[in-house]
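Structures follow.
Below, chain A partners chain B and then partners chain C, in two separate complexes.
Our next item is the complex of A and B:
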């Protein structure tokens, strides 16, 4: 029984970390058919910005989080202005923006490497200590990550479903021309979506580095997993990707406990293959196009 | 007068392809103006140029005192030109009500949303029953009604309808045209694009024939009915 709860707890934490990194990616793909390959670099940037604000400038954790989110949201807008926006009307947008963001991500990573060096750094935005509930040991950090993920997902769902700007985002995702005919300024929507995604990448980078450490290329693996989760859920399905993230976190925790850590990535890929044979559009995907 | 839609020497197209040229047209306020013409001759392109979905290359479009040409689509609808596109272009994963509410997205329309929604439901009662249905699951006729209803929600000055009868069963076409006739009686300014020339002639105050990207003939619906050679040459009737 204790083992069961231990696996459940670590699986959910893993899932929560994945969920934060995945929804940003799914949101951008759902709204504008864009695979943002610089998402991993944005995660690293967020992690380092929190480190810089707290360790470098000596400011409190709240400031660290805020600076990281704002800087990465700003870089998200920059990606719109410099890359996605100018390409939007061109033919083959999906391929071009895919390649361009690989380049942008590599540049961003190099800048981080030059600014902060190649040695791993500890993430200061982390909480020590643990809670023991009925023989189950839970690090406070993990509980915080879980709570943070839940709050962020709820806020995003509220934004998308209830607010005027959320309606504009969904409308743009479902039919760009129709949204324009309703008076939606789709350029603003795209910039905003990339800003939100950037902010989420920052939070994600902080959580990931708080569980391991800061490295300029720390975003690579989480981004790869986020893509896997997006594909499993069906590209662009935002709520579906949260469910898939939690499921895959649990799956990984079970595999790690039963067959061993070194098999976890291989079994994840096996799962993806099975899912894609069973449902090529992803579990929550649909045949035509992309929907939020 | 002050709310006439006036198009002068318009040229527009896609990429290297020029579709419309030397197109001059006045759609009078409070009237139903129909554009007819064979498939692929630029009717949809004309509406897309007016609503700002594609760029105007030369020439000018005005609505009353406002210059419309050169504005992006989101600014054109704010000036009161509402485009109900060919093929409806609904938001497929939104409900009927959410689609209708998107029509009143701009602040000016949003302020009157409740009143106008009641008017739309009175005109298209079926939409009230289907309020919570996801648009993707509607029938073709129901989709068309949502498309028109969504356009009405914008409370615009000019309503542009692109092929409202396209792909529908005869009974449903009848229903849709009753709705359009009702809007005409209510004194709305309507620009109707229709491939079916006889349908358009029966309802329009003015008919214009679009042929190879420019207007070739203009007259009243009755005049068109008296010109069988036109119908035969251009529309294969």
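Our next item is the complex of A and C:
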């Protein structure tokens, strides 16, 4: 029974970490049909920015978090201005933006590598110590991550459902042209969505690196896993992707415990293939009819 | 002159010109680099068949290439198979792997295919690198089944070393040239075949094509499998040419390098990938001195090309040719 709760605890933490990065990706895909392949590099950038502010400049943790989020949100806007914006209305946007963001991500990763070096660094934005509840060991950091993820998800849901900006984002996602005709400034919405996604990537990068360590290429694996979760949920489904992230986190924890860490990624992939063959639109995806 | 005749003529001219290169250039480095160009160009020409002609946004081509290389190296290493036999075996294994992958992912569209294929190649990479159980225990140290991080070396060559001595790399050069020429001929044949027409129909008007009995899934599976043959063969030749096969062939940087070739050259054209491969090899060479800035330069080049010239270099050439040709046309009309 203790093992069960231990797996549940670590699975939920994993799921929370995944949820933060997945929601950013799902938001961008839902709003503008764009797969942002530089998300992993943004995560690394966020982690390093927090490290730089706290260790390099000696500022408190809140400042580290804030700087990381702001810098990554800025880079998100930059991606809109330099890459996504110019090609938005052109033919084959989905394919081209996919390739261009791969290039941008590689560039960003090399810049991080040059600036901070290839040695792994510890993430200072982490809390040591743990709680033991009925023989289940819970690191405080994990609880913090869970709480952070819940607060962030709630805030995002509130933003999307209740605010004026959220309505504009949802309207643009449903129908870009209709939204424009209703006076929504679509360009602003896209830039904002990429900024939010960048900010979420920063938080996600900090949480991922607080569980392992900072490396320039640390974002690659979490990004691919986030994409797997997006695909399982159905690309662009924001609430669905949170559920899927928690489920995948639990699944991964179970596989790591029973089969071994080595096979966790491979079994995730197997799962996604099964899901896609069963439901090509994803579990929460709507079936889209082909319009002639 | 039809388009097919023109392409065949260009292919012949290219092959003839390349025949003399090792005689003109007496630098070993430039000859071996050209051999690598042949290998990469072969992969990209086949990838272009899948991506540009078949319209499948697959990123599995590098994994298929790696499967060809690994099967060849493993046959040579474990069974001592002659490379002349192991290379076609590697290519056939690549075709089989690609058909299985195709059946799994061709039910999907666009970015879903890209995500699934990229995940497959990353998983293969992770599985190989994390494998630390010894399969055999040669004097050189523990050897996992798939070679682990170290990969395979000393699994045989094509026999040029015994035959040509120090000039063995020239033998490899001509094998590479043969491979690329065959791959280009194959690509020309596919593009101008009924299958190429079927894909054009599917692109121009998917519903009408489907109504006339063009089965998208079947044709895409065909092109997925067919293109895997030369991709696997080039992987096998890569193994023989370098003498080492490691997990680096699966790496993301490698994928990015090849993807840049196809994008910069021009997706969906016969010659775009070849031009792209040449341009990127030269750019890579030029940036070699820059050290850390090289990766940044490569990324910048890719982003700039995708944003500024959507149809690649061949598209740019076509636009320029049209601009020059236009005044002459209007003169003729009046």
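Heads up, the rule we're going with is that the second predicted complex is superposed on the first by the 288 of 292 C-alpha atoms of A that agree within 3 Å, B and C clash if a C-alpha of one lies under 4 Å from a C-alpha of the other, contacts with A are read in each partner's own complex, and residues count from 1 in each chain.
Quick note on the criterion: a contact is a pair of C-beta atoms (placed from the backbone, for glycine too) under 8 Å apart; a residue touches a chain by one contact, two chains touch by 3 or more.
Everything numeric here is computed off the predicted structure, so don't read it as measured data.
Peer 1: After superposition on the shared chain, which partner residues are touched by A:167: those of chain B (first), chain C (second), both, or neither?
Peer 2: first
Peer 1: Contact-wise, after the overlay, does A:94 reach chain B, chain C, both or neither (first, second, both, neither)?
Peer 2: Second partner only, chain C.
Peer 1: Report for A:185: first if it touches chain B alone, second if chain C alone, otherwise both or neither.
Peer 2: In the superposition, A:185 contacts chain B only.
Peer 1: Going by the contact rule set out at the top, does A:250 touch chain B (first), chain C (second), both, or neither?
Peer 2: neither
Peer 1: Quick check on the superposed pair: does A:175 touch chain B, chain C, both, or neither? Answer first, second, both or neither.
Peer 2: In the superposed model, A:175 contacts chain B only, not chain C.
Peer 1: For A:35 in the superposed arrangement: first (chain B), second (chain C), both or neither?
Peer 2: Once the two structures are laid over each other on A, A:35 reaches chain C alone.
Peer 1: A:82 contacts which: chain B (first), chain C (second), both, neither?
Peer 2: In the superposed model, A:82 contacts chain C only, not chain B.
Peer 1: Report for A:114: first if it touches chain B alone, second if chain C alone, otherwise both or neither.
Peer 2: second
Peer 1: When both complexes are superposed, which of chain B and chain C contacts more residues belonging to chain A?
Peer 2: C
Peer 1: By the touch definition above, which chain A residues appear in both interfaces, chain B in one complex and chain C in the other?
Peer 2: 292
Peer 1: So in the complex, the part of chain C that touches chain A is made up of which residues?
Peer 2: Result: residues 57, 104-105, 107-108, 110-112, 114-116, 118-120, 122-123, 126-127, 130-131, 207, 252-253, 256, 259-260, 263, 292, 295-296, 298-303, 306-307, 310 of chain C touch chain A.
Peer 1: Residues of chain A touching chain B in their complex?
Peer 2: 164, 167-168, 170-171, 174-175, 177-186, 291-292
Peer 1: What part of chain B is in contact with chain A in the complex they form?
Peer 2: My answer: residues 51-53, 72-74, 77-78, 82-83, 85, 89-94, 98, 101-103, 105-106, 150, 154.
Peer 1: Please name which positions on chain A make contact with chain C in the complex.
Peer 2: Touch list, chain A to chain C: 35, 82-83, 86-87, 90-92, 94-96, 98-100, 102-111, 113-114, 220, 224, 227-228, 231, 235, 262-263, 265-266, 269, 272-273, 276-277, 280, 290, 292.
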